[in-house]
Amino acid sequence: MAEALTLVPNNTLITASAEEGRQLAVKMARLIMKATQPDQAVREKLRPVYAEDPALLIQLGQNVALEFATIAAANNYWRR
Amino acid sequence: MAEALTLVPNNTLITASAEEGRQLAVKMARLIMKATQPDQAVREKLRPVYAEDPALLIQLGQNVALEFATIAAANNYWRR
Amino acid sequence: MAEALTLVPNNTLITASAEEGRQLAVKMARLIMKATQPDQAVREKLRPVYAEDPALLIQLGQNVALEFATIAAANNYWRR
Amino acid sequence: MAEALTLVPNNTLITASAEEGRQLAVKMARLIMKATQPDQAVREKLRPVYAEDPALLIQLGQNVALEFATIAAANNYWRR
Amino acid sequence: MAEALTLVPNNTLITASAEEGRQLAVKMARLIMKATQPDQAVREKLRPVYAEDPALLIQLGQNVALEFATIAAANNYWRR
Amino acid sequence: MAEALTLVPNNTLITASAEEGRQLAVKMARLIMKATQPDQAVREKLRPVYAEDPALLIQLGQNVALEFATIAAANNYWRR
């Protein structure tokens, strides 16, 4: 793993809104895959595989859901 | 991913009822798949695949369950 | 998805007992699959597939466990 | 599903100890599978399949872990 | 399942440290598999299967993560 | 499993920042796999398998997400 890669953008889970929290969840899910497979050429070869495979699309969605659960709790669910 | 796509409708996890919270969970689970596969033609080709595959139907249900757990907590479970 | 389908029976996660909460978890897990595959004929064709496939039986059990975790929290675990 | 089947033994998540809580988790995970596949003859045919398949053994363990998380929270983790 | 098998060593989730909590998570994940497959000869045949299969190694790690989440909460995360 | 292997680096879940917490999640997810497969030669043979398999990359990301959820809760989400 490329140790220098940032895994949590801006080093915080706090976001201004639920929408931004969801975007952070997507980014964090991607950054972990980038850390495990740092070779961009390989990642670009893999991307169309999961983007056209319904099982992988669903599993990727599950990772985002799990990251989002943590981010949402961190932000007290952006309750006003 | 199409960055312009809204991932959290109305930018809030707060809903008026458990039923609406569940609908939001379904929408959020779908929007993540839309974000990963923005090509509508491909998504329409994939839909019948998972709608007729029991394993994928179950996995999709799991994603909704995970999204709903977060939404329900955000709404204090709609306790009256 | 058939938007008219009720996803949360009685529009509440609150139940009188743990047993009823568990039954609600089963129903909610099923209703999501019904929403994704509204065609009853297809669902009836799929049912024996997962009822006789140990991997799918286990995965279905996982969905119920996840739904139940949310319902149990909503009910403060039916502590007396 | 056999609606008459009890899904939560004794209709409570509260147990006297962590060990009993874990046993309840095992029972609840099994009862869901029993509810989905009420035919005992089929279940007995499936049992050796997952008992000798490492992937299924692990997945079954995951269901127990999920049920146990809920039961442990219900019991305030049996802290003394 | 061998009902006499202890599923929670020492009948408590409380441990002196995070490291011991993690070891407990590993043990609890294993004991569930032992309970489902009590035949030691079969388990010893299965062990090299999942120890050399990356998918099973990852899934086993997921079970430990889930058990650990419960144990860590029980111990208030060993905060000092 | 090599009992002497440290499973929680520094024996604490508390980290100075979200970024360090995420790095700890990655390490803890790896250490469990190392504990299950202590033979470094085998692990090095398995690594390219999951680094080039999109399903395994996603599953590995899920393990990190689960470990991170626990670590983030332990740190009160690094709220300032």
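Each chain carries a letter (A, B, C, D, E and F) given by its place in the written order, and its residues are counted from 1.
Keep this in mind: contacts are C-beta pairs under 8 Å (C-beta built on N, C-alpha and C of every residue); 3 or more make two chains touch, one makes a residue touch a chain.
The shown structure was predicted, so the numbers you read here are calculated from the model rather than taken from an experiment.
Peer 1: So which chain is the furthest away from chain E, centre to centre on CA atoms?
Peer 2: Chain centre farthest from chain E's centre: B.
Peer 1: If more than half of the interface residue numbers appear on both sides, call it same; otherwise different. Which is it for chain C and chain D?
Peer 2: Under half shared, hence different.
Peer 1: Take the average of all CA coordinates in chain E, do the same for chain F, and state the distance between these two points in whole angstrom.
Peer 2: Distance between chain centres: 16 Å.
Peer 1: How far is the middle of chain C from the middle of chain E, if each middle is the mean of its Cα atoms, in Å?
Peer 2: From the centre of chain C to the centre of chain E is 27 Å.
Peer 1: Out of chain F, which residues touch more than one other chain, so two or more?
Peer 2: 50, 55, 59-60, 62, 66, 69, 73
Peer 1: What topology does the chain touch graph have (line, ring, star, complete, other)?
Peer 2: Its topology is that of a ring.
Peer 1: Touch as defined at the top gives a ring of chains. Read it off for me starting with chain D, then chain E, then onward.
Peer 2: Traced from chain D through chain E, the chains around the ring are D, E, F, A, B, C.
Peer 1: Could you list, by residue number, the parts of chain A that touch chain F in their complex?
Peer 2: Result: residues 1, 6-8, 11-14, 28-29, 32-33, 35-37, 42, 46, 49-50, 53, 55-56, 59-60, 62-63, 66-67, 69-70, 73-74 of chain A touch chain F.
Peer 1: Inside the complex, what are the residues of chain D that reach chain E?
Peer 2: Interface residues on chain D, with respect to chain E: 17-19, 21-23, 26, 50-52, 54-55, 57-62, 64-66, 68-69, 72-73, 77-80.
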